[in-house]
């Protein structure tokens, strides 16, 4: 631990301070974030939500809303959920199945699963109207270990690999693309979304806030292996008596992928700007999608993934993982709300990060570089 | 139908596109609308609400609130509901009866039914105070076929006839001034008020959205006879088996006025800027008053009027009309909310109107001329 | 009464008019008020809430939140409720007891009851970190007749005596510092906070709005003895049959302090900018703390104080006072809401104050002098 501490410490810039108040409260900065941070590559969710041709779900990621679907050729596609006629939201049910086409419920404009406009009553009577000019607007899609990322636009042209060099080639041994979703819980947090990200990126608070978690892993153990850019994080080591982050400390499902003995004793935690918080354990994955609603209000949807074969095993106890994080989440959201209350006070001024909060300083620095870019 | 289609088509400007996003979402444009569109002539409701001397109702039409009353001489008057002392809302009950005067509940300042200040405790002790300078502020009143219009102000000096040349002399044969109100239903729509107006002005959506309505009338039948300015609309023809817009397709009350055989087989639909949507059938009238609350929120109050003698007839079945429109309204408001969601997306861009949406292009054009006027 | 009227009249500037609309509706003016009016000296409450060493309560006075506590030496202290680390609200429970220290629930940073930082895990590893630079931020405290005032900051350097010269030495004969709190009722008023202050400062409305109160005291009796600056008010005289402001008109508890025969027959009413409205009767005190939430929304917390020995007496009937003011409060808040509705109309324009509203003109004048100061 001594040596680990030095390692983490090395990445820490002493004197780093928390962000000024306006970053947590200003409507103008919030608007700028929606353009600069929340448009471009965002995580839509896990592929297990769309197993079959025609199955879809909606990504409600302010300011955008997209239809993410599996097409007839088995590919994943994403379209802005906006009819090209009068702008109506084409599909409002959060998930479901399309047969051969997507029809707007207003005037029956109809699109193929490839987004092409294939029906538009009376429009043939309009001189010069060409349906090829009015497909659903597509978003680029990239899959990373079973997670679907879509580029919502806003002029962001970087490739996935350019945006997230640290993710490329990482974590394949967990075989996360094969997992199945078992549970999804939505939360509403009365806090700025960055407080949620910052809270995720340190375990300095674990002894005080998460007594149960703190018994399973020494918060000073482990190391950070992604320390700059849009993806940040590292791992923590379970204590001798613990095998996973669960209520019992035991694993609750058959193992994921093909893990080394070391990875079988670790939890990996990555924040991926702008909206993914990823928790990877030997026996399950839990991830949050973070959706800012206002400077002081954030939706978080937490989802649990397991080995697809786990369900048929006698000793499958998913509640052991679900209850653990539901309790931990609520502890975290509560303190994020206290944080929002505090930083909104005129008495707040930036405070000093501790050496255990080096990732927060890295997060702030990367965030500010995007917000202040003159490009 | 072939020929009708050409007629409607003639009024359509090919290439007309829907309004840009900001007109549905911008608080600044919304504020400007309250001044430019919603002050001036607005519809207050139907005369049957104030049958007797002293009876009144409140018109809650943002940004204004007015007392509309019948005075002792039988005339209709309207006053801004603001005490001239400290600005208190003088009367808060939405409808009722004044005896001889209107008294503010705060400091007992008292006004006659003609608005004159007739009591103000202690004010005689103020040098130079002249009660004649402090009447309730009056608004001009105009009655059109039983509908009370008031000029809420904002420097709008056009007469009713100048504002609505298309309405002058129109529709007298329905004798709507004699009707009685039977039902009023308030709705709250999470949509911009213009989406509500635009939705009203086309039946292109009827086959998809209103299957029951679509059986009663062919949406390509009829014609538009008011195609520019503040009042827009026309008629639709009932199918051979239908006699009115009701659940049963039969009339549900004794006929209105003195109608020609043609008018007895038609529904007439007019939108009257800024707040009246009028539905006239052979056996009843249904009208909406539209009150914008926010860029993305609109109150609509729907009211049903019948022949005053209908109530005494055995075969009076008002529910047949009320249920029909309540169902249809909810279908409309739902799709207006989907529209608001869609046009709020950064992916929205103006789309092409179909030939069946010529009135929407006319509405947009007139609306923009008011908003962009340099007067 | 004749002579009294002249006295009050003398302080009245004829021709004084109510404030323009924007002072009740503008978000910009509201923001400016939070800085200019609501930072500086504010009333936190009564000392009886913190009888023992370590006992505390939170003052939630937008934009500030402070911990008000009794320290080990028996003194009263106030600290901004903001951790110096990441800005977290340190304590969220509205009242309670600290043992020896105040610990933030997030990362266990710990402060003494004197505000000094006495624990901060890992921070010793940060070069140059000196805990003496990171105490909880203190606010100056002044006690006036048992009421705790704190200076929340914002660069306001005037002493309590400079801010409230009229309060110095006033009202000591009621011995209010010895009273005990018996009841606290929170209200939410959909009105601007100034309408609440203005309503408090006149009894011109009493005959119309408060028939019960009006039987206990002639609203034209008494006199105003503080007529300019931040503290305004005076007294009213009970009628011959009445002894206090209660449902029965009788006193409901043993007397306060050592009152002259005259003071035993009077109610004293003072508004103390920015947030205290004080009602002092021979047998009890009721005060409001006023906390603006938005231009059109205000929280009011009303609290009743009695002689500490009252509780042991057989004829202690606190409900007689509590019910009286709860009824009166609700009448007042209702009319403040009508006021807010009215002044928000475009038809509102400033109206003339009556001679019975001289304190409102004084309030407006002082308020405007602060808002328009070029300092």
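All chains are identified by letter, namely A, B and C, in their written order; residue positions are counted from 1 within each chain.
Methods note: contacts are C-beta pairs under 8 Å (C-beta built on N, C-alpha and C of every residue); 3 or more make two chains touch, one makes a residue touch a chain.
Here the structure is a predicted model, which is why all the values come from computation and not from measurement.
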Inter-copy rotation, subunit A to subunit B, in degrees (Cα atoms; steps of 5): 120
Copy pair subunit A, subunit C: interface residue numbering same or different (half cut): different
Rounded Å distance between subunit A and subunit C, as computed from the means of their C-alpha atoms: 46
Touching two or more other chains - residue numbers and ranges from subunit A: none
Touching residues on subunit A, where the partner in the complex is subunit C: 9, 14-15, 18, 198, 204-205, 207-209, 335, 338-339, 341-348, 351-352, 354-356
Subunit A-facing residues of subunit C, complex: 39, 63-65, 80-90, 92, 105-108, 120-123, 125-129, 134, 137, 152-154
